[in-house]
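Would you mind keeping the following structure in view while I ask a few things?
Letters A, B, C, D, E and F mark the chains as written, and numbering starts fresh at 1 in each.
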Amino acid sequence: MNLDILAIAAHPDDVEQTCGGTLLRVSWREALDIPDGRVENNWENRLKVARVIRQLRPRVVILPYWEGRHPDHYTASKLGYEACFLAGLAKLDLGRALSAQQSAFSQVASAVASVVTGEKQGSAAETLAPHRPFKIIYATLYFDIRPTFVVDISEQFEARFESLMAYKSQFSDQEAGKDIFPARDEIRARIESMARFYGILAGVTYAEPFLQKEVGLVEDVTAIPVKSI
Amino acid sequence: MNLDILAIAAHPDDVEQTCGGTLLRVSWREALDIPDGRVENNWENRLKVARVIRQLRPRVVILPYWEGRHPDHYTASKLGYEACFLAGLAKLDLGRALSAQQSAFSQVASAVASVVTGEKQGSAAETLAPHRPFKIIYATLYFDIRPTFVVDISEQFEARFESLMAYKSQFSDQEAGKDIFPARDEIRARIESMARFYGILAGVTYAEPFLQKEVGLVEDVTAIPVKSI
Amino acid sequence: MNLDILAIAAHPDDVEQTCGGTLLRVSWREALDIPDGRVENNWENRLKVARVIRQLRPRVVILPYWEGRHPDHYTASKLGYEACFLAGLAKLDLGRALSAQQSAFSQVASAVASVVTGEKQGSAAETLAPHRPFKIIYATLYFDIRPTFVVDISEQFEARFESLMAYKSQFSDQEAGKDIFPARDEIRARIESMARFYGILAGVTYAEPFLQKEVGLVEDVTAIPVKSI
Amino acid sequence: MNLDILAIAAHPDDVEQTCGGTLLRVSWREALDIPDGRVENNWENRLKVARVIRQLRPRVVILPYWEGRHPDHYTASKLGYEACFLAGLAKLDLGRALSAQQSAFSQVASAVASVVTGEKQGSAAETLAPHRPFKIIYATLYFDIRPTFVVDISEQFEARFESLMAYKSQFSDQEAGKDIFPARDEIRARIESMARFYGILAGVTYAEPFLQKEVGLVEDVTAIPVKSI
Amino acid sequence: MNLDILAIAAHPDDVEQTCGGTLLRVSWREALDIPDGRVENNWENRLKVARVIRQLRPRVVILPYWEGRHPDHYTASKLGYEACFLAGLAKLDLGRALSAQQSAFSQVASAVASVVTGEKQGSAAETLAPHRPFKIIYATLYFDIRPTFVVDISEQFEARFESLMAYKSQFSDQEAGKDIFPARDEIRARIESMARFYGILAGVTYAEPFLQKEVGLVEDVTAIPVKSI
Amino acid sequence: MNLDILAIAAHPDDVEQTCGGTLLRVSWREALDIPDGRVENNWENRLKVARVIRQLRPRVVILPYWEGRHPDHYTASKLGYEACFLAGLAKLDLGRALSAQQSAFSQVASAVASVVTGEKQGSAAETLAPHRPFKIIYATLYFDIRPTFVVDISEQFEARFESLMAYKSQFSDQEAGKDIFPARDEIRARIESMARFYGILAGVTYAEPFLQKEVGLVEDVTAIPVKSI
């Protein structure tokens, strides 16, 4: 199988909040969970996430921005990046490497993996060929940094908001659920303002912000969007 | 008429050197000249460049980067930007405004205007409707700054080099011609290295670097070029 | 007289849009007008704005940020700053200096001056003592830059919006009025999103962003607002 | 108990050197010690520092800046930050979590904890309610970075210097004591210059520099200190 | 004649304050004066400063940093830079160009020119060959910016301070003299702290800070000064 | 023994690629190897690299830049830096500390250590006196960042290229060898372009870029290389 996009994050609704609209422009997702405050970027976790990447073979990986208030977010960002690197090493036999770490149980199940467009391979495959994603981009919402680009989610905005609300009601009895999030109207106002703010930067109604480390490559300068003046 | 791209620069071969390959991906250019070291960003010159913009009605304007070693370059950048702004003001009657300045002859004819794709209107039109370019981008070659994006000029590189050499032989008896530019082989080696350096950043052979002030807007995150890892 | 705050800007509603809520936390304002696209930072205009500063003797001056899309905004910023400097020069006799420039009429009346808390002196005073404002801050709304601080305008937001709408209806037949500003609902949505975005940064509902060049000075570290984590 | 300020650092006199004057504007401190060059940001140490935070319940935590020459300093900064985060997690039972790590003895006792204004709880409490500090600021002295703000320590400067000298004589036979610090007069000249340099930035005699990650929130723009011009 | 260093600044003691120690490591200086608050970067002033550069033919030019509180400082910086450029243009006949501007008397005599090591040509030479300085560096003292390098002035510090005091007593009845500068002891303390602060950055006692725009070129990496760790 | 320069990197030809020309201006090197993708910055590895530093006693240490695409590179950078710090701690007995870690075999042999000018001590010395390198600089080639300075390698360029080719043929059957590196001509073109690009910045033919964290210290301002204008 070959996925289009894999979004890696630390918590159930992180993906919904930071790049849910962008994912809705494609089609499907699922999430794994880990205990709050416990993401570690260690060898075993890198191997586990690398295995997911070899199974799903995404072209694009979306990671949290590498700084932020929540340690789980910036640690998941580094963990995800280094796992992408490991997944592409031809000589690394993930099955053998993970067995060698088996006795030491990870306290982190694996990090959230949101899978888009396609189906996950049923079991941990015994023969996982190396795979390195072509593109890694960082979701920068909530991180007080100028994005490289935004994605127009004007048509996905309502569906994304409903999807986030569904998550919240589902996980409301979980840790951090009750006190962090205010009531629905207030959530709506905040999320809409953020999306609209990034939309204004690009001349669309709602948008989600992202950063890429590479310089861009433009095919046709007469087709670059966003008015300058 | 409606142009695709207008490149504004201070000297005959500035355009060739900084965005010649990008222009060759489209079709045609011409250049005006001004005395070296004398570009001024004043009201009269802004009106004159604004008139060219209203005549040619470009969608994209390429300007020199707004810092640099040569005062003509950074002044032309500001002059060009502010002229783009003036050209779009509905209430500004350029014919009347220029007449009011007529007695004070500008020492600057108008700044280099490289016209691409289309034909220039024969005479200074009496009825020039307001026009504001959609996009302004800055050519950053030679300016020691990270570009926002590059344009692949691998197929245009040889033609661009020959075009630059043609300029040099044509203008070689002019000021600055003789001592700034070394012999052909050395020019070739330097120009090729610069183009290849920016190409390496984006995974192509030769490229020219540009900067845009706006954030980008991406239609399809699975189609973003340039490998991350 | 000694004013609290003087806001200098280029256009009738610039002050309303960028620091109207902050001014409403105090009490009163008025505005002068200049033709769009024509602000010049020259000696005569600096003298004229310096005279206003010596008349009104403000403690704080609010200027537009020194970069931006609109040349009038960034030029007004530099003009205002240099006028603040001139206003404080003990040996500069503004009356004599302005007379010397009298024959050359400025095309710029004076730049918008929004006067808060107090009354403007009726006529150009013959004896204007030197005055240098204590503090200069820059309104950064619409300028894509991280503010140093924001001001909570939650209680002033509605009044500020109505005041902006009043301006718009009053000036709607003026240059640039019709096409720049979309309908009331759309304006409301955009302005609210911007104010809320900056509010979120500081944990309040609505805010306006500002930048100061100096480092801050904190009296009591246990009283610094805005939650860190 | 509820502390005002808790300063976390890596070495006995780090607090004295970087924020001693600021702490003297309040009232009391104490310090723990760790072996030089051995601070590790691992799970066990985060739990231990989190326990101190839950015991002392500070409103403000001062951390070393997150970059610097000494690995202990930047590691203590990250350790302190992530401990603040853990201390606030409602579902984290620190007693149980620490017992689970008991067999693996930390080589790091706990990191220096300087306690101001109040008394430390006698023993490791069995019932430690979650607590997240309201504000985290970073002491930037010696780190070659522009501070967000400084604190005027003109009245505390002499007491701070004597306190630092007392530390030095007390610890002079310890590691790093002898060779790093030159004689008293030289120390005096250096410390005074640093304090005066930061004082000059804000128009006071002596000051200590700090950085906060959040934007500021200003109640009254006419009361902002530090002259602009 | 060929000078070593030419320092261009706006006011009598600007050079003393920002690079006086560096100049004392060489040998001689003189200064011209201009009215406070009146430096303009216009064509005529650029020609005048260019003439001084062609007369003195310096290898190094020291300019004020291009930002700052005082408009004279940052304007003198731009004026000096563009004059360096003009001075090197082979086709520019300064005598003829200045005559053409003769009727319009400049209100600025020429900008301070501090001449080091050598003697100034008696009169405005009729045959001034083009000359472009090899190196332009910027004095950054008082400008709140990280310098590229500092110059050790430990042995020149006392002579520089006395020289500055001599200036002050000489110019004390001039504009800006009385209120800007506090008493001698306070001046001494401030100037010593600034010099010592920059000295600490490089491991020497007193230093003056400078910035260069170019990357450095190191001959021998084992001879780079300033301890890293 | 006392080395001049020690280059620490993660992979066999990293040193050749990023600072090979600079090392050839001196005399000798050797390299250790580690498995690709497995560099860890942990206590044991820091002790091991610290032991090499105490044995070789280099004045200058060259490290990879602390960011980059390859995790081994940025991890080796931090590992090397912290090892330099540990190597200088007077109270740290490396022999005893390493014995305490002996049972836990490091999966990382030690990180590449390129030794220049001198001979390595035959065995792990029992009496290794503390040593802290005077200078740490970072090789920034391939890392898309402005260097502090470059080193002219025009005379070393050919020897460096042949040395890199020798490495490649020797290691071509190793992991990462086949697919990362294109054919010889393409390698030549890329490496030459990079070296020439950095050469152009400083006015030499070929150069390698480096960054230092400290400000510079200039002995003679008239001798600073690299033309400004």
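Throughout what follows, a residue touches a chain if its C-beta (ideal position, glycine included) is under 8 Å from a C-beta of that chain, and two chains touch if they have at least 3 such contacts.
No experiment lies behind these values; they were computed from the predicted model shown.
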Which neighbours does subunit C have in common with subunit F?
-> A, B, D, E
Which chains does subunit D share as contact partners with subunit E?
-> C, F
Sharing over half of the contact pairs with D-E by residue number is what counts; pick that pair out of B-F, B-C or E-F.
-> B-F
Between E-F and B-E, which chain pair is linked by more C-beta pairs in contact?
-> E-F
Taking each chain's centre as the mean position of its Cα atoms, how many Å separate subunit B from subunit D?
-> 53
So how far apart, in whole Å, are subunit A and subunit D when each is placed at the average of its C-alpha atoms?
-> 35
Roughly how far is subunit C from subunit D, going centre to centre by Cα mean, in whole Å?
-> 39
Send over the residues of subunit D in touch with two or more other chains.
-> 69, 81, 85, 146, 201, 228-229
Those chain pairs meeting the touch criterion are A-B, A-C, A-D, A-F, B-C, B-E, B-F, C-D, C-E, D-E, D-F, E-F
Which residues of subunit E touch subunit C in their complex?
-> 36-37, 40, 69-71, 175-176, 179
Show which residues of subunit F lie in contact with subunit D when the two form their complex.
-> 43, 81-82, 85-86, 89-92
Complex contacts: residues of subunit E adjacent to subunit F | 4-5, 22, 25-26, 59-60, 62, 81, 84-85, 88, 132-137, 146-152, 201-204, 207, 209-210, 212-222, 224-229
As the complex stands, subunit C meets subunit A at residues 69, 144, 146, 189-190, 192-194, 196-197, 200-201, 228-229
